[in-house]
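Each chain carries a letter (A, B and C) given by its place in the written order, and its residues are counted from 1.
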């Protein structure tokens, strides 16, 4: 889908045509096109102008600017907030390392992230939540990215180490955020206090990391020649894919408790994560299955001829080719999982969207400001989701996957 | 299997725990036992809990009076009717919004795809912005934006916007003047239906004959002519007034009459179909771009007009690629309609949740909701897959 | 192609059969009632925390401050219980619940207290859990837009009404219109805030809810004077904290904490003067603060000064009320009305602590 654009760019003659010629070719190539251009330009300008002037002059951004910490970490205790800071810094460190190692889009992301930190740290406004410590912390993140960059430039740092580091971050993050019972340094923080972007990202990252292996297992299960296994996998996949995510969330949040022993209580956030994981796994399974089907039989036969065991053939021959073939589909699935985490609002979890709604409702005055809040929320989701799709496209190009169509 | 024969001929030497067939059977039995065991365990737990907490598992409550209102029920409903009826209202709402959503999303998505492929740079960029905007924000956020932000800007009832038609637009919805059948309208409708049926049959027969004999049978004018004759006849029989325009009018508090789209329905319908249209646009664009350029050039070379290039050469080939992902988009749209409760549109999930709350029967109602969506999905994918097979078959 | 649907269809048919079987055979046989045994008090003590079903999205009753701390009238009650049982008003974990979560969550004892302005009704008492003591007397009222052309309830016919789903409000509304033989168009949202957003925008002529909520919402409007809250009250809404069925001791503790808060106001014990009141010469004050006699703490397994701790944590009933809804309240100002003490002509009355 995407590569056609790149192909077109590559086909372009080496010398770009002059601006006049470009205008003629792209805007006024025929009468119809000219009419269209003349009609569209004022509309576009009018829309842009009204949006920008609204955002700058008539919008009241109080409900957004007063609560930066609520939007990012929700109710996480303010005296324990350094834990989120540690996680954020290590993410920035690894971002820097990856930039040093691979460059490309990571460079732009790192620079943008660093820029955002510096600008926020230097904002010339008085804000109770943007005190000296917070500014210092934000500033130091820029340094973290740079340190990471230089570490990444060192040849001795293996790519696999970096990838493992990335995978470890969410696990360490959960441990650090949850804390340890009766610990002085990191006391337990119940998940009901987690909120905002923190929960959105945890649900998305957790969902991706957990649903993918489950999806691969289900895909193999469905293709298995054991009727019980394939039957069960098929039923599981088709039932989950046949119902909306809200019903699955609802099932895990309310119905599941009725089917477990009375004493057992599963954390609400964990239940939401389970629902998201199960839902996403069913879709991943179908994607992976598509990939498995695309691996030529000759490959498997060749591996067998070389005396590889079934397991080795699967892990080293079939799976890599299958995943490579369906990478675009899987990436798309992960992006939609990120967006779908918003649905946890419906079962009462205060993720980024949920916090926004709580803020609107916390003060009768803010009900009027919902437009600003919703637009801000939409913008943030859009930025992260767009970054994810940009990254997946770059990855596809880097891996030389031809158009997925 | 046959070439393996010599290898395993010496069965006695293979211990049972390495015999592949036994391992397979064992694995199946084991997994079956585990799965069934977990299910039984869960069900026993449930019955224990149900007993202890006075929960009943019957569907008999469905006959009880619901007692709660539903906004703008599409079929006859009032709170004294049963829970089952309330559920039906929700189901009709779901079907309505997803059916119309699918039609609109398809049309709009195709238009966006064509705009995206346009040689006009501005048009193409606008389409790109539309696609990227909708693909990268959560549907729930889009729903809030449409319902609370966009519909928030619509004027109050007394300052309604009036468009020719007449169409009125205000906070209470969109009111469109709509033809309603008069007393004699039934005759017209019957005649029209017969006319449509007859002309379709004539169309098919004549076209088939043309395909076989190669002679011009004028199938299009013939069937259209028949259709017009039937319509005219029906119109005359009904005394010239089969329809009457039902024009919305202001009656003190609200507008009455005409066809009314509530803001909840409109918000749901618009955001659902625009969101899906963005995905459909990418599917359609991919399908069209996948058609071999040589095919298009060849079609142009033999002098086909642009419309025929599109309808006879590009579309039939693109459709084969487009249909399968399109089916999953349709299914997504249907499932996504369950977000309706966020903006007060009462689909089957929203009504189900209220029923759970009022009747307190979580499990039976929940099972009903799941079954409803499951059958909707299976039905949709079943029907569309038959269509898909036909399309794919044409390729030979 | 179709093979993949067979297993699904199979399970589908089986499910459908099972469900119809359930529906036809087991119809209406009352389930055998087995008393639930819960040990909530010990769970709370082990956990060191009271899990409180609340909300984060209703000004005055349950909301968040800029630091993400839960506050509100309902939340303070949970804090009082935590202070009494655990000695720490911060040992509260607030679980935000939607209106439709409340029942199931209490039934499965996932929360120790449900304090999320729940109306006490007989069917909820039977199904959900034990309701303790009315903390807020409310009633359902109507708010109308001045420019809607509606002056009184007689002119409601044909009006559009915004209402929350999954609450008693919705049923009361439908009963009201049915009894008066009037037609209306309901616009129904799951979320309280959505109801008021829609009303404020002009989607509806009327909105209906508990009067306290209407007052709070009206105070936040850009032009409060454009909206009128009608005098009529169409229902009784006793907002009451509830606990799960099955633990009588816990039920008693929560009830007694609420009695203590009310008695404290009556006796003039406040958050500020708890310590000095411990040497008061009023015998009832001494009993309340555990300085004299046993108010039941030995049987309940609590400390003698448990109630004193609750009062010093959140203040007496009047202080809690004023903190959020008093003249200088955080959220809005609502006259106490029926929530005045009995000796001032209100309904707030609690058994003595002795």
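By definition in this document, contacts are C-beta pairs under 8 Å (C-beta built on N, C-alpha and C of every residue); 3 or more make two chains touch, one makes a residue touch a chain.
Keep in mind that this is a model prediction, so the values were computed, not measured.
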Worksheet item: Computing the C-alpha centre of each chain, which chain sits at the greatest distance from subunit B?
Response: C
Practice prompt. Look at the interfaces A-C and A-B and say which one is made up of more C-beta pairs in contact.
Written response: A-B
Fill in: Intercentroid distance (Cα basis), subunit C paired with subunit B, Å
40
Discussion item. Measuring centre to centre with CA averages, how many angstrom lie between subunit A and subunit C?
Written reply: 37
Practice prompt. Provide the C-alpha centroid distance between subunit A and subunit B, rounded to the nearest whole angstrom.
Written response: 28
Worksheet entry | Where subunit B touches two or more other chains, by residue | 49-50, 52, 55, 148, 152, 341-342, 353, 362, 374, 378
Worksheet item: Mind pulling the subunit C residues that touch 2 or more other chains?
Response: 5, 8, 36, 104, 108, 190-191, 197
Discussion item. Going by the contact rule already set, what residues in subunit A reach two or more other chains?
Written reply: 239, 242, 254, 258, 262, 346, 370
Fill in: In the complex, subunit A residues that touch subunit C
66-67, 69-70, 73-78, 128-129, 190, 192-193, 195, 231, 234-235, 238-239, 242, 253-254, 257-258, 262, 265, 268, 346-350, 354, 357-368, 370
Worksheet, complete the sentence: subunit A partner, complex, touching residues on subunit B are 24, 27-29, 31-32, 35, 42-43, 45-46, 48-50, 52, 55, 118-123, 126, 132-133, 135-142, 144-145, 148-149, 152, 282, 285-287, 289-290, 321, 331, 335-339, 341-342, 349, 353, 362-363, 366, 369-370, 373-374, 377-378
Discussion item. For a test of understanding, state which residues of subunit A touch subunit B in their complex under the given definition.
Written reply: 1, 4, 25-27, 29-30, 33, 36-37, 40-41, 44, 226-229, 232, 239, 241-247, 250-251, 254-255, 258-262, 335, 339-340, 342-343, 345-346, 353, 370-371, 374-375, 377-378, 381-382, 385-386, 389, 403, 405
Practice prompt. Could you please specify the touching residues of subunit B with respect to subunit C in the complex?
Written response: 49-60, 67-72, 79-80, 148, 151-152, 156-158, 171-172, 251-254, 262-264, 341-344, 346, 350, 353-354, 356-358, 360, 362, 364, 367-368, 371, 374-375, 378, 382, 385, 389
Worksheet, complete the sentence: In the complex, the residues of subunit C that touch subunit B are 1-2, 5, 8-9, 12, 15-16, 19, 22-23, 26-28, 30-36, 99-100, 103-104, 107-108, 123, 126-127, 147-150, 158-160, 163, 165-167, 170-171, 173-175, 178, 184-191, 194, 197-198, 201-203, 205, 245
